[in-house]
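Each of the two complexes below includes chain A, the first together with chain B, the second together with chain C.
And now, the complex of A and B:
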C-alpha cells in the first residue's frame, strides 16, 4: 500500500506529511471526497505556510476518511495515512485534523504519539472545514517533545481565523510543577487493564486525584449532534455550481444539486449531513441541537482544573466506535489539549486545561523516565 | 364595506463599507461582473469567516438613529438553503440575537406625525446576482454582491397607507445616508424594500391573509404596488374571485401588477444555528458612545444650521438637506468659497439643471468641489461674467477642465478696459443708428438689443452691468 495519495518524494528530519484536508497553493485538495475532484487550492493553509517558513518541507499528502469522518457503523479498519507514514518511519511528523479521535487512538495503537493542541491556538485558515467549533490541526509524531517543537512552529494567532487566542507564538516548555493527575474512576473502570495497571503506575509518579466526569454518558451524543450539524452546514458549499465535481446529467438546478451531491459524497458523509439537517430542523432544533449546546456548556463548566492538572483517560473502551467517541469528546467539546501515546504496552490519553500543553509535555516526560 | 390595509416593511440597506463582510474584496457598486471576488466570497473551503468591524459600527449607527435598544452581546447565525447565488449554501445573518430591537421612527404625512415602531435590525451578508441569458439558454452568476454587508430593518405592521410607507422610506433614507450607514440608492439596489401586506375590515383586530411584495425599485413603484395589491385583496374578499394565499409576489413595473412567485414557502426550513466561527460580539457603552460621538450631522441639524446660522431660505435648505450627496457638495464647496447663498444658488440652479439634462438626480450628481468653488471665485473677483461661468461649469461636468487654466488659455477674462468698451459702444451706435433713433423715440426694448450687440463684439467677455451703464451714458451724451 502506498503511503501517500500524492508523494512529493521529500524525506528527512524536516519532512512533514500533510493530511489531504490541508490546502497547498496550486495543488489539488480533495479531503478524499469525489465532490472536490479537480479542486486546486488557490492559497496555502496557514500551517503549510508556517511550516515552510520554518524550513520544513512537505513530504506528501496522506489519505484520510472522506472529510475526516470515520465510519461509526463499521469502525476504522485500516490504519490512516498520517499515522502509517510516521509509524513506518517514512517521515517523523504528519499533520491532520482530528475531531472524532480516530488519529489520537490509532497513533497510540501504532506506537506513535499524537498532540491535539488547544482549540484556537492553531489557525484553521486553509483547512477544509469539518466541524468549525472543533476543527484542530494536530501532530502525529514519534516523540512528544519533538512533536511540540513542530507545533510551536505552526501555532499562534492568525488574523484570518476569527476564533483564535491572541498570543502570537507559543513555547511548550517543561514545567517545574508537581503534576496532579485526575483519574475519572467511573471511566477508567470501563477498561480493566488500564484501570489496574495504568492508574496504579501513574500513582507511583504523580499525585493522583479521584474525580468524576459529569455527564460522561452523553458526551458521545453531544459531540455527535453538534459535529453533524456543523459538518452538514460546512459541506453545503459543495453543490456542483462553482468548483469540484458536477454531475454530467441534470435538468434544472435542483437536479444539479441532487445528482452532484448523491454522486459526490460517500455513505458516511451523507449520513452525517442527514443527521445534521435533522438536528437543525425546526422541530428538532430545541430538543437536539440547543440541548446539546447546553450540555456542552455544562461539560465545560464541570471541569475543576484547580483540583488536578491533567486528566488521564484510556484510548478505547471496547470495540464500538460510537462508545469510544466519548473518550475524545471532552477535548472536542471543551477545546482542551491532549496527548496520546503508548507506554509499557498501554495506550494513554492525557487531557490538559486550555493552553496548558506544557503540563502535558511535562507529564509525558515524567512517564517516559519513571514509569 | 370599508377596508383597512395593514403593512409591515422589511428594508434591506447595503452598508457603506469599503470591503465585504467577511473578506477584503471591494464592496462598491458598479464593477464588471465577478471583478470583486475572492476564494472566501466564492464559498471555497478553508477560509473561516472573520467579521468586518466597520460593518458592526455602521450597524450600531443604524441602531442609534432609529432609537433602538442595542443588544449587549450579539451573535451571528447561519441560515441554510441552496440557491446558485449563495455560494456557501448558507447565509450568515443574525437570528437569535440581532444587533438591536424595539426602535422607532417618527414620520410625517398629510395626516400629521406618527411613530412607526421597529421590531429589530439585523446585520447580514447579501447574496450574488443571477442573470438569465436567453441567448445561451443559461443563467450566469455575478458574485460581486456576495457577502456585501447589509442591515435588514424590520418594522412592525404599523403602516396603513402607501403615503406612510413612502414617508417612512424617505425618512429612513435621510437618517441612514446622513449617518454614513448607506447611500440608500433604490435604483442601484443599495436600498430594497419588501412589503408585507394584508387587508381587513375596519374595526377588526385580526389580521387578514398576508402576501409579501418584492421587486420594487423606486418609491413610485412601491406606492403603485401597494395600491394594486391592496385592491386585489379587497376584490378577492368582496367578490370571491380568488382565494388569497400567503405567498411572495413579484411586482412587474411595466405591467403594473403583482405576480405569484410560486414558491412553496411553507416547506422552507432554514435550519438556523449559531455560527461557530464568529464569536459573540459584545457591544459595550464605550463602543456605543464612540460611534455616537463620531456620527456626522443629521439632515435635521443641518437644516437648522442652514436656515438659522447661514440665513438660507427654507426652500433652498430643504433641497440641500434632502440629499446627503447635495449636502456633501455644499459642505465641500463651502470649504473653498465661503458664501452660502452663492454656493446654494449654483448647486440648485446651475448644477442640478445640468445634471437633469444628463438624467441624473440629486444623489448622482458628482462635481469636483474645488473646481466648482473656483468658478464662483472667478465670478466674484470679476475675472469672468456669469454666462462664461455657466459654460465653464458645463465644461467641468463634461470634460473635467481646470477652470482657472481654461480661462487663461482661452482668454475668457472679462474686458476690464473701459476705453475698449466705450470704443466698442461708439462703433455699435454708428452701425445701429436706426435702432438708436427708435430707442430714443421711446422703444425701450431696443436698449437690451444694443447691449447684446456690444457684448457680441466683445465676445461676451464684458461685465454686462458695466456695458449697461456705459451705453446709457453714451446715448445720453449722444443726445446732448
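And now, the complex of A and C:
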C-alpha cells in the first residue's frame, strides 16, 4: 500500500496526513472505494477545519482499506497509509477513523503510537460515516505526548455532530495520580509473551490489579454484528443517483442501483453489507442485533474503573483478524479512549475510562521513563 | 446462510467467485454468533449509543451554506439544475 491516494506535496513539522475518509473542501475524497470515485468534498470536515485554523497543513490523503473495513477474508497484509506515512517519517501525524483496531494494531507494530480518543469528544462532521455509534477520529504519531497536542486542537464540542459531550475544549495533561493497571489475566494469557514479560514489568512500575473482562469471549461477535448493521445502513446511500460512481450499463432504476453497487463495492464491503442486512432482517433482528445491543450494555456496565485506572491489553492474539477484533472491541463498544504503542519490543494497548485520557498519557510517560 | 435473500435486499449482485468467498465467510461468522445465546440478557435494556447525554437539536431553520451548483457538481448526471435519474415508474 502506498502512502497516499492523493499527495499534496506538503511536508514539515506542521503537516498532517488525513485518511481518505476525511473531507477537505475542494479535494477528492473516496474512502478508497470506486463508488466514490471523483467525489469532491463540498465542505471541510470539522477536524480538517480545526487543524487548518491551528496552523497545520494537510499533507495528503492516505490510502486505506475500502471504507476502513479490514479484510476478514484475507487478513491485513499491507501497512495502512496513515501508519506507513508516520512510521517512515514522511509526516509526524496522521488522522484516521479506527473502529476495528487495524490502525491501533499496526501503529504499535510499526513503532508508532495511536491515540483513540473518547467517543463523543472529536467531531465526526465531514467524515465518511462507517459505523456511526463507534466512528471516531484518532491520531497516529511517533510520540504520545505530541499526539495529544494535536488531539487537543481537534477535540471539543461541535454543534454539527449530534452525539458529543458538551466540553468546548480538552486539555490533556499528566496527572499526579498513582496509576493502577487492571490486568485481565484470562485475556493476557492468550498472548504468552505479553503475559510473561509485559504484565511482569508493568507490575514493577504500577500497582496492578487482577481483573476480569466479563463476556470477553463474545466481544468480537457483538462489535461485528453492531458495526455491520450500522455500516450496511450507512452505505445504502451509495446508489449512483446524486453523487459518486454510476454504472454505464443499466435499463431502469433498479438495474442502476444493482449494477452501480455491484461494480462500485469491493468484496469486503459486500460481505459487511450482506451481514448487516442479515442481522437487521425480521427473523434475525432479535437473536442477533437486539441481543448484541443488550450484551453491549452488559459489557459497558461490567467495567469497574473505581478498582483500576487503566486496563492493559495485548495488541494481537494470533493471526486471525476476527479473533483480534476482540482486543479492540472494548473501546468501540463502551466508547473508551485507548493508546497503543511499542515498548521494549512489546506491543501494548492501554484502555482508560471515559474522558480520562490524562491517565493514559501519564501511564505512557511512566512506561517510557521506567520500563 | 442463504445470501441470495440479502443480496436482493442490499441491491447487489455477486459474481460467482465473490459468492463462494462471501458464503464461506458468512457461514463462519453466523456460526460464531451462536455463542451469544448462552448470555442471560433478561431485563437488560439495549444500548444504542454510549453517551449518557440527550440528543442535541439545532433550530429548525434552513442553512444554505453550500451552493446548488457545488452539490450538483458531484452528480453523475444532471439536467437543467436537477439530478438526472432513470424513470422510477413505467
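Keep this in mind: the second predicted complex is superposed on the first by the 369 of 371 C-alpha atoms of A that agree within 3 Å, B and C clash if a C-alpha of one lies under 4 Å from a C-alpha of the other, contacts with A are read in each partner's own complex, and residues count from 1 in each chain.
The rule is short, and it goes like this: a residue touches a chain if its C-beta (ideal position, glycine included) is under 8 Å from a C-beta of that chain, and two chains touch if they have at least 3 such contacts.
All values reported here derive from a predicted model rather than from experimental measurement.
Of the two partner chains, chain B and chain C are each touched by A:133.
When the shared chain is aligned, chain C comes close enough to touch A:297, but chain B does not.
Touched residues of chain A, counted separately for chain B and chain C, are more numerous for C.
In the superposed model, A:218 makes contact with chain C only, not with chain B. Look at A:72: by the touch rule set out above, it reaches chain C but stays clear of chain B.
In the superposition on chain A, contact is made by A:45 with chain B only, not with chain C.
After overlaying the two complexes on the shared chain, residue contacts for A:282 are found with chain B alone; chain C is out of touch. By the touch criterion defined above, A:334 lies against chain C but remains apart from chain B after alignment on the C-alpha atoms of chain A.
Of the two partner chains, chain B and chain C are each touched by A:242. In the superposition on chain A, contact is made by A:253 with both chain B and chain C.
With the contact threshold set out at the top, residues 42-43, 133, 159, 162-163, 236, 239, 241-243, 253, 257, 277, 281, 293 of chain A are in contact with chain B in one structure and with chain C in the other.
Of all residues in chain A, only 23, 36, 41-43, 45, 124-129, 131-133, 159-163, 229-230, 233-234, 236-237, 239, 241-243, 253, 257, 277, 280-282, 285, 289, 293 touch chain B in the complex they form. Interface residues of chain B facing chain A in the complex, by the touch rule stated above, are 39, 42-51, 78, 80, 82, 84, 87-90, 141, 269, 271-274, 276-279.
Within the complex formed with chain C, the chain A residues making contact are 38-40, 42-43, 72-73, 119-120, 133, 159, 162-166, 215, 217-218, 220-222, 224-225, 232, 236, 239-246, 250, 252-254, 256-259, 261-262, 265, 267, 270-271, 273-278, 281, 287-288, 290-298, 300, 322, 333-335, 354. Only residues 1, 3, 5-7, 9-14, 18, 21-22, 25-26, 28-30, 32-33, 35-37, 39, 41, 44-51, 53, 55-58, 65-66, 70-71, 73-77, 83, 85-88, 90 of chain C touch chain A when the two sit together in their complex.
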